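A, B and C are the chain letters, set down in written order, and residue numbers restart from 1 in every chain.
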Amino acid sequence: MTMTLQANNVTFTYRGRHGAPVLQNISLTIQSGERVGLKAPSGRGKTTLCRLLAGYERPQSGQVLLDGKPVCGMRGVCPVQMMWQHPETVVDPLLRLGVTLSESGPVDRRLLEELHIEDGWMERFPAELSGGELQRFCLARALNPATRFLLCDEISAMLDLVTQAQIWSFLIREAERRDLGLLIVSHSDSLLEQVCTRIETLPV
Amino acid sequence: MTTTNRRRSTLFLVLFAVAVLAAITVAGILLNGRAMESDFARKNLMPCLEYPFGTDWMGRDMLARTLAGLSLSIRIGLLTAAVSACIALVMGIISATMGRWADSVVCFCIDLVMGIPHILLVMLISIACGKGFLGVVTGVALSHWTSLARVIRGEVMQLRQAPYILAARKLGIRRWDIVRRHMLVHLMPQFLTGLILLFPHAILHEASVTFLGFGLSSEQPAIGVILSESMRYLTTGKWWLALFPGISLVIVVLLFALLGERIRLLLDPASAQE
Amino acid sequence: MQPILEIEHMSIHFTQYAKGTRRRELPVIKDLSLQIAPGQVVAVVGASGSGKSLLAHGILHILPRNSHMEGRILYDGSELTDKRAAKLRGREIVLVPQGVTYLDPLMKVGDQVRGEDAAPDAAQRARKALTRYGLAPETEELYPFELSGGMARRVLIATAVTHEPRLIIADEPTPGLDAKAAARILGHFRELAEGGAGVLLITHDLELALTIADQVAVFYAGQTIEVASAADFADPANLRHPFTRALWRAMPEHGFQPIEGAQPYPGTLAAGCPFAGQCDRSTPQCREAADLPLRSWQGGMVRCLNPRREE
């Protein structure tokens, strides 16, 4: 079943910063199965757009809709999940990784194997894993069975090239298998060209 | 390169402080009977080998009385600090998670309690509760939670915006589960340090309220009672009646402050590896 | 030419508390050697979290208290001691740190660039440094939170170069910047090198490093496994270590091919080549060899038992 994630003319200003909105009248549509690349100079609100699409923030005007329903305020596991640039901030530093992963319910064995997540990690704390390992771990958590859209905000920007290639080859396979819609933010044009089915540029 | 094991020496200091405080508490309970015992044959003795702290006008052993008083103070301090810290934890979390309305109510309470001088507030509550043990405990517990509540509120506010908590919310984890699983653990260092640093305040305020006559009743061997009675005899040259109990009180308070400071060093991630 | 900086067999260990009061030694950097000549940009490339930043802190002698360093650092031909480093850092040797968080959030940009300099021409020098990086004089009146990522980076560079340094250490200067801004920032470092300074660029981004570096040292599990000239990366056949070749093939424009497995932790290595687990050509000797040396090989350096050219 094809689903649509849509931002309609959204405008967003951070509280306390009067005047210039970060995003003004931006529209973007992602269908399931699409891998949309997002390009814009830094400081133009790519991350903010991801946060809006994932429902972390509410736009001042305009709407973010998933199949016609607002994303913000959905109960249960949100079908739109976001991946962040720094995986070490997205896992509780004081919890064993097994506990963190269990927040996403029971995770498919196949997923763990494909991401090369070892059983031993479940007993460890985040500080004991490298950035690349944590990012793979966060992927396993974000790819909950209910997830239909994944927003990837510079997820491989801090990783070495080998790990970057590992993650993207997995994500492309997984997105095709599950008909996921991906939004990919990256500063690297060559990466976007390799990964995406369509590339959008944020208007300045 | 550090050669001394700092964590070990810090831990040693902490254990030392705990041991001294525990010894005083236990000794005080055991000596309670002796502290009340009067014998006019030995009244008003200067400090000597047999009575290192001297005796008072009723021939009571001042060492036993001091220990019993400190013990009572520590126990009251323990109770009040624990109650106070729990109030602070609950208020702080409510204020930061239950929305703007709850936040304004809690902040108003904090300002209200902080706006009145501590000692006055403790006295008022103590009188309202009929003085005595209950009065002092309620008074001190209800007046000391405010600054810790502020710290916890700020901490929770910051935690709430932490990406890992946002991520957990997106996975449909309920609000209470997030507080329990992600927040309480992070608050523990602040909570424990705050709790221990509350002790000295609680003990001092208990002693001062009792000293002023609005706290524990005068037949109990509390430090406040001892000090206030000794005031009457100071002018007649019986300096030991006030000096030793006073110094002991200061030492106990300092021990608690040291304990809190050291525990903070151990728990604070910024200094834990030093 | 006399190198401005020589690092010989540098190792950095951390002392950490494991459980309770037990302590353990955590090696982070193992046997690192490096040379930088004036006018040269040397890039150290490694995965994030691999301890690259500690290299910078080690050179400046500002490592955290629970760590210690072995090996020798020569600056301008003579040993860089604690005392000498304290005198030189901020003047001849400067660090351009990672991001805005290194700026004082409550201090105006102008004051930060000026720093503790009390000289009468300090204000003028600060302004000159800012203008050099395309920052208008109004920038001096801004607070760090009002700066964009690129501007903050340029402020950090301006702060570093007010004293005309001879050695510049740049720690991850580009993350969070778009390709254009990143190229511009890196261009500034190239300029500084053309002006005669030595630049040590610490980064995880091989692609960007290659655009300005003369030499590239590749970091793997806390060790330098290859030192190659940037020109070697034009053709994978010129690369010496199998991991460097894997990096090359994993670049999006060179096929985007991953290899299996992950880097081991520096602490878990007992003996043998750290890359043996991921290497398609590893032999039993690779797994057993104790202390592989970094040796010269076809115009570069490599830490491998059989660094053959690819057929």
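Note that in this section a contact is a pair of C-beta atoms (placed from the backbone, for glycine too) under 8 Å apart; a residue touches a chain by one contact, two chains touch by 3 or more.
Keep in mind the model is a prediction, meaning the values are calculated, not measured.
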item: Most distant chain from subunit C, judged by the mean position of its C-alpha atoms; value: B
item: Contact pairs, highest-scoring chain pair; value: A-C
item: Subunit B and subunit C: spacing of chain centres that average the CA atoms, whole Å; value: 51
item: Separation of mean Cα positions, subunit C and subunit A [Å, integer]; value: 29
item: Whole-Å separation of chain centres (CA-atom averages), subunit A against subunit B; value: 48
item: Subunit B contact footprint on subunit A (complex, rising order); value: 54-56, 75-78, 81-82, 84, 86, 89-92, 94-95, 99-100, 103-104, 141, 144
item: Of subunit C, residues touching subunit A in the complex; value: 45-50, 148-150, 175-182, 204, 206-207, 243, 246-247, 250-253, 256-263, 265
item: In the complex with subunit C, residue positions of subunit A that touch it; value: 40-43, 85, 116, 130-133, 154, 157-166, 168-169, 187-191, 193-194
item: Residue numbers on subunit B that touch subunit A, as the complex places them; value: 162-168, 170-173, 181-182, 185-186
